[in-house]
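Paired with chain B in one complex and with chain C in the other, chain A is shared by the two complexes that follow.
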Partner chain A sequence: MIGYYISFGLISGAIYAVAAVGLSLLLRTTGFRFLAFGDTMTAGAFIAYVFNAQMGLNVYLSMGLAAVATGFIGILLYWIVFKGFKGARMATMLILTVALAFIIRNFLLLIWGPYPVRLKYATVASFNVGPLFFNWPQIIIILISLFVMIAFYIIMTFTRVGKGIRAVGDDPDLAQIRGISNWKVMTWAWFICIGLAGLSGTMLGMMGAVNPAMGFQILLLAFSAMILGGIGNPYGAAIGGFIIGLFSELTAAVGLAEYKIAAAYLLMAIVLLVRPKGLFPAK
Partner chain B sequence: MRTKARSILIGLLCTVVVLSMFGGITIADEKPAKIGIVLPFTGNTGWVGLSLPALKMAVEDVNAAGGAAGHPISLIVTDTETTTSGAVSGAKKVLGSGAIAIVGPTSLTIRSVMPIARDAGVVEISPTSGTTALDTQGGEYIFRTVSSDTVMGSGMVQKARELGAETAALFFNITEGAASVRGVIRKGCQVAGIDIVGEVEWTPGQASYRSELLSALKNSPDVVFFETGPKDGGVIFKQWRTLGVAPNATWIGTDYVNEPLLKASWPDSKGAFGVLAGPLLTDRFKAWKDRLEEYRGKKGIPTFSTNGWDAMNIIALAIEAAGEPTKEGIKANVRKVANPPGVKVTTFAEGKEELAKGNDIDYIGLAGAQDFNKYGDVITTLQVATFDNPDERSRITAYTQEDVGDIYKGVLELRKKEREEEEE
Partner chain C sequence: MITFLVLTFALIFTYAFAGYMFNIHYGFTGLINLGIAGFFALGAYTTAILTTPRTETTFAGETYQVGFGVPVWVGIIAAALVASLVALIVGIIALRSVTGEHLAIMTLGFAEIIRFIAINESWLTRGPMGIMDIPRPFSNVWQGIPYILILLGVLLFIYFISERLRTSPLGRVLRGIRADDLAVESLGKNILYFRLVSFATGAAFGGLAGAFWAHFTGAIQPQDFSTTLTFLVASSVIVGGEGNNRGVMLGTATVIGLLYQAPRFLPKIGNPWTIPSARFIVIGILIVLILRFRREGLMPKQLVRIEQEES
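On to the complex of A and B.
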């Protein structure tokens, strides 16, 4: 039976991991905590809903299109809102991102109302994979998550864009002196990060239903994954996502289901006491 | 030039005089009796707010009949957002705006609003709050036009008994409202001889309920008693189907089994039952249902609509009996117009007519007799509904007091025994 709970943890972890990677990269490049991230996840899920349930496209194709569309929303956010706040104080950014979160959520409420909507794909039964227990959509979600991690690593390590993002994240002034265009790099960073928000939001929507509050409800767990994995290290954040997912589901396995979210935060607190910069802090 | 100006001035004065003559009548009529509606329209129980058209329709009927004690009723509507802080600020807002009575809120927030209403000396009638915490509270300022969860929970166990269930699982979220029903069902199962083979309390707003489902259902119960809003319900039913654990279990829910949950969970929730407040299918109810459907421009009767309608009529009749729209008048007359003895009336207009004749009245609500006990509670009928199509919840039958009586009494006895043991 424990294998079942591990499976549940892997599925949740796959979603948290994708969200935490986007969140972590955004923190590294912008220097502030983007509290509207959860609501951009929700926006991505609703965009997928339009492609899938309203336009009739396949759910996985819709997921990809939603990620790209949400990425473009990220670009718009950067150019319209955040570019003008470069160097603003932390408190200003905190209030700004909270305000943006409310604006996005209420905009979604205005269009789709308060009740959940469902992506259209068949509910299929799970089956045993050794001691584990999945159905095909769940396996695909885990594979997509792993694929995203690998693609992310390749982009960040081997491409000009990735190197630029890392350089700007480490020292924006030095990067500029070395001829790296700050705004170009930031445009890409926002596209990738908010695109990942859209992707993880759609994955979340596939697990049940899409509703205007869903991303916000998951935001704290994504933050926990990011902090647990190591602030500013997207790879650590991904691992943090899986740890949070597994730990919370295994808490239910020992009969403490009602405390599984609290357990995830408790784990984060304990880790931070022992390793204040997280498990894999950025160098 | 001066003559022209004088003519204009005289003309204006005449206009003012004429308007104020008509206005004299209108002013007397337009001193509205303000009633505060404190219900959730957003948040986890935002669906409760769908009952608002029934309240508005009741107000229109009262006003069409000449108003309550000659005063039109106007509503001040606030959204609790399903939060305690929202309910408290909502109650303060309507009282600050001059409300002389409050309709609402729900079980989740009522205990925060009760002291505010009591301190303001304002009667509060909740058409939605079934929490058992009120079973021994209220009766002076706090009333309910919906049965306690003790009745609803007994009805849910009765449904399980009808289905021949021998084992059950309890799958409720961590809220005061859910805890209230869960406590009744535990005792109800004991009375009905149904074994509880799994029980999980879960935290709302999660991405996954697989662990909770597996823990609760691994012993393959015959029925699953549950309460969930639409946001979590969509996730729970989908994940239950994909898990394949206890696939033949019948889900029996509370008044949360409604259209928003249906839309969020169909087709995975197909076959789920709900046992909730609902009137008997009388001709009176059918005619009212047609009217409300036309009024709101939609098929179906949102949960608590009949209870809301009754609450509004009782308040209006209390004002009528008092002869003036004051909070003191409402407090003094709520029981008089709702409880026997008196001529039985079913609408505000009928009640007004009888009161004008000098008769006592006994308002018979759409949701059943509205006879308040010493704690301000009523016992209304229940309906059993099911999800059998994607468009609307289907009502299949109703339970009266006789149907659930033995379970209900058994629960009360167990509760009494428990209290006595605690006291010892």
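On to the complex of A and C.
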């Protein structure tokens, strides 16, 4: 029975990990906490729903398309909203992102209504993998998550874009002097981060129903994962995602299923008390 | 029409109480408390549990006993105290460990945890059903207008306290912490202590807001205290002008009265959710524009005159 909880913890961990990586990179490059992240995830899930259920595309193809489309929403957000707020106080940015969260959430509500919708894909029976239980879509989700981590590492370490993002994240002025266009790099950073949000949103949509309110709880879980893993360290955030996923499902396993999300918040609070910079802080 | 006006004024007044909480936290001290709904819920549930006459309900095969039937004013005072006390605990965890930069996330999580408790601990809160038959003082007298006048009185009282707080030496320290916490610390002030004072004082107003709202509606449910509430209260303060006590009233009247309640008179368009969601988009865009072009809100912060001490 415990195997069931662990498998589900791994699946949700894979989803939180993707979200936390995007959130963490966004914090590192922009310097603020993007509280509309959960709602951009929901947006990704709804875009995937349009491709998948309304246009009849394959579910994994729609996931990819939705991730790219959500990435473009990120670029739009940067161009239209965030460029005007360069150098604003942290408090202003937090309030601003809360307002954006409500704009996005209610925009989705306006278009698709409050009723949950489902992505269309063939459900198959679960099978045993050692002591764990999975079905194929779930295994593919975990594989996509791992693949995204590896691709993210390669992009950030070896490509011009990735190096530029890290340089701007460390010191925008220095990067500018060295001839790195902040504007271009930030556009890429927003595309990648919000694209990751869209991807994790569609993964979440595959595991259950898609409704406009679903992003908010995941926002706090993704933040827990990011803070747990270490501020400014995307790889730590990925590990944090798996820890949060497993921890909340194990809370359910000991009979506190109603409090599994609360338990994840508490874990974050305790870690912050003991290690204010998280488990694997950036240097 | 009278019913609608009474409801709107009750909303504006109670949300303004919570607005003063956000104003003390954010406008004065720079603490971003996104757990407004949590303190509101604490106040509402405290007074509801204390003042509701003891009743037994059987629901889905289980019997719940809720209520102690104490007088309303005891419940309201208890609500303020409980909210303050919980704010102290939350503050010690969230403000001690980090320099307050995680406070927004942690208070957001706090409000969610309060909501989970309200949903799941049915022996105390009757779970998703919520608590009904909360005493509603003066609800049958003149269509509830006396209660609105009481709310107005409490609002003036809270305004007076906030104004005193703003102009007092304590308020000066708080504003200093907001502007530059390291500078204040280097003057020998204990920042954590002053932040906790601000957090607990503000939370008492949040608790009052919830309590007076519970006694107005007479029935509360866990889903009444979602982030939407937090968003509306925070928006009101930002629109009115954070740090300005009169701005809180003006902002709440604008956001709650004009943007949240008045759209009910619009002709019905589209689906039942079209106008309710459109008004949140409008409020959201208004916030973005205010933050971008008029950071100080409708009423800018007033400067405090510091009286010269004769030596």
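Basically, the second predicted complex is superposed on the first by the 283 of 283 C-alpha atoms of A that agree within 3 Å, B and C clash if a C-alpha of one lies under 4 Å from a C-alpha of the other, contacts with A are read in each partner's own complex, and residues count from 1 in each chain.
What we mean here is this: contacts are C-beta pairs under 8 Å (C-beta built on N, C-alpha and C of every residue); 3 or more make two chains touch, one makes a residue touch a chain.
Since we're looking at a predicted model, the values are computed, not measured.
Engineer: Given the alignment on chain A, is it a clash or a fit between chain B and chain C?
Structural biologist: After superposition on chain A, chain B vs chain C: clash.
Engineer: Quick check on the superposed pair: does A:81 touch chain B, chain C, both, or neither? Answer first, second, both or neither.
Structural biologist: second
Engineer: If you stack the two complexes on chain A, which partner ends up touching A:217: first (chain B), second (chain C), both, or neither?
Structural biologist: After superposing on A, A:217 lies in contact with both chain B and chain C.
Engineer: May I ask you to decide whether A:208 touches chain B, chain C, both, or neither, giving the answer as first, second, both or neither?
Structural biologist: The answer is first: A:208 touches chain B but not chain C.
Engineer: Given the touch rule stated above, what does A:92 touch, chain B (first), chain C (second), both, or neither?
Structural biologist: Once the two structures are laid over each other on A, A:92 reaches chain C alone.
Engineer: Which partner does A:258 reach: the first (chain B), the second (chain C), both, or neither?
Structural biologist: Both partners, chain B and chain C.
Engineer: Between chain B (first) and chain C (second), which, if any, makes contact with A:227: first, second, both or neither?
Structural biologist: second
Engineer: Is A:34 touching the first partner chain B, the second partner chain C, both, or neither of them?
Structural biologist: A:34 sits against neither chain B nor chain C.
Engineer: Which partner does A:135 reach: the first (chain B), the second (chain C), both, or neither?
Structural biologist: It touches chain B, and chain C stays clear.
Engineer: Quick one: is A:100 in contact with chain B, with chain C, with both, or with neither? Answer first, second, both or neither.
Structural biologist: In the superposed model, A:100 contacts chain C only, not chain B.
Engineer: Can you tell which stretch of chain C collides with chain B among 135-143, 153-161, 243-251 or 297-305?
Structural biologist: 135-143
Engineer: What residues on chain A does chain C touch that chain B touches too?
Structural biologist: In chain A, residues 109, 114, 217, 258, 261 are touched by chain B and also by chain C.
Engineer: Provide the residue numbers of chain A that touch chain B in the complex, in ascending order.
Structural biologist: Listed in rising order, the residues of chain A that touch chain B are 1, 4-5, 8, 11-12, 15, 109, 114-118, 123-126, 133, 135, 138, 204, 207-209, 211, 213-214, 217-218, 249, 251-253, 255, 257-258, 260-261.
Engineer: Spell out the part of chain C that touches chain A in their complex, as residue ranges.
Structural biologist: 26, 30, 32, 34, 93-94, 96-98, 101-102, 104-106, 108-110, 112-113, 116, 119-120, 227-228, 231, 234-235, 238, 271, 273-274, 277-278, 280-281, 283-285, 287-288, 291-292, 295
Engineer: Spell out the residues on chain A that touch chain C in their complex, using ranges where they run on.
Structural biologist: So the residues of chain A touching chain C come out as 33, 35, 81, 84-85, 88, 90-92, 94-96, 98-100, 102-103, 105-107, 109-110, 113-114, 216-217, 220, 223-224, 227, 258-259, 261-262, 265-266, 268-269, 272-273, 276.
Engineer: Can you check the complex and tell me which residues of chain B touch chain A?
Structural biologist: For chain B paired with chain A, touching residues are 42-43, 46-47, 174, 200-203, 205-208, 210-212, 214-215, 218, 230-232, 234-236, 238-239, 241-244, 260, 263-265, 267-268.
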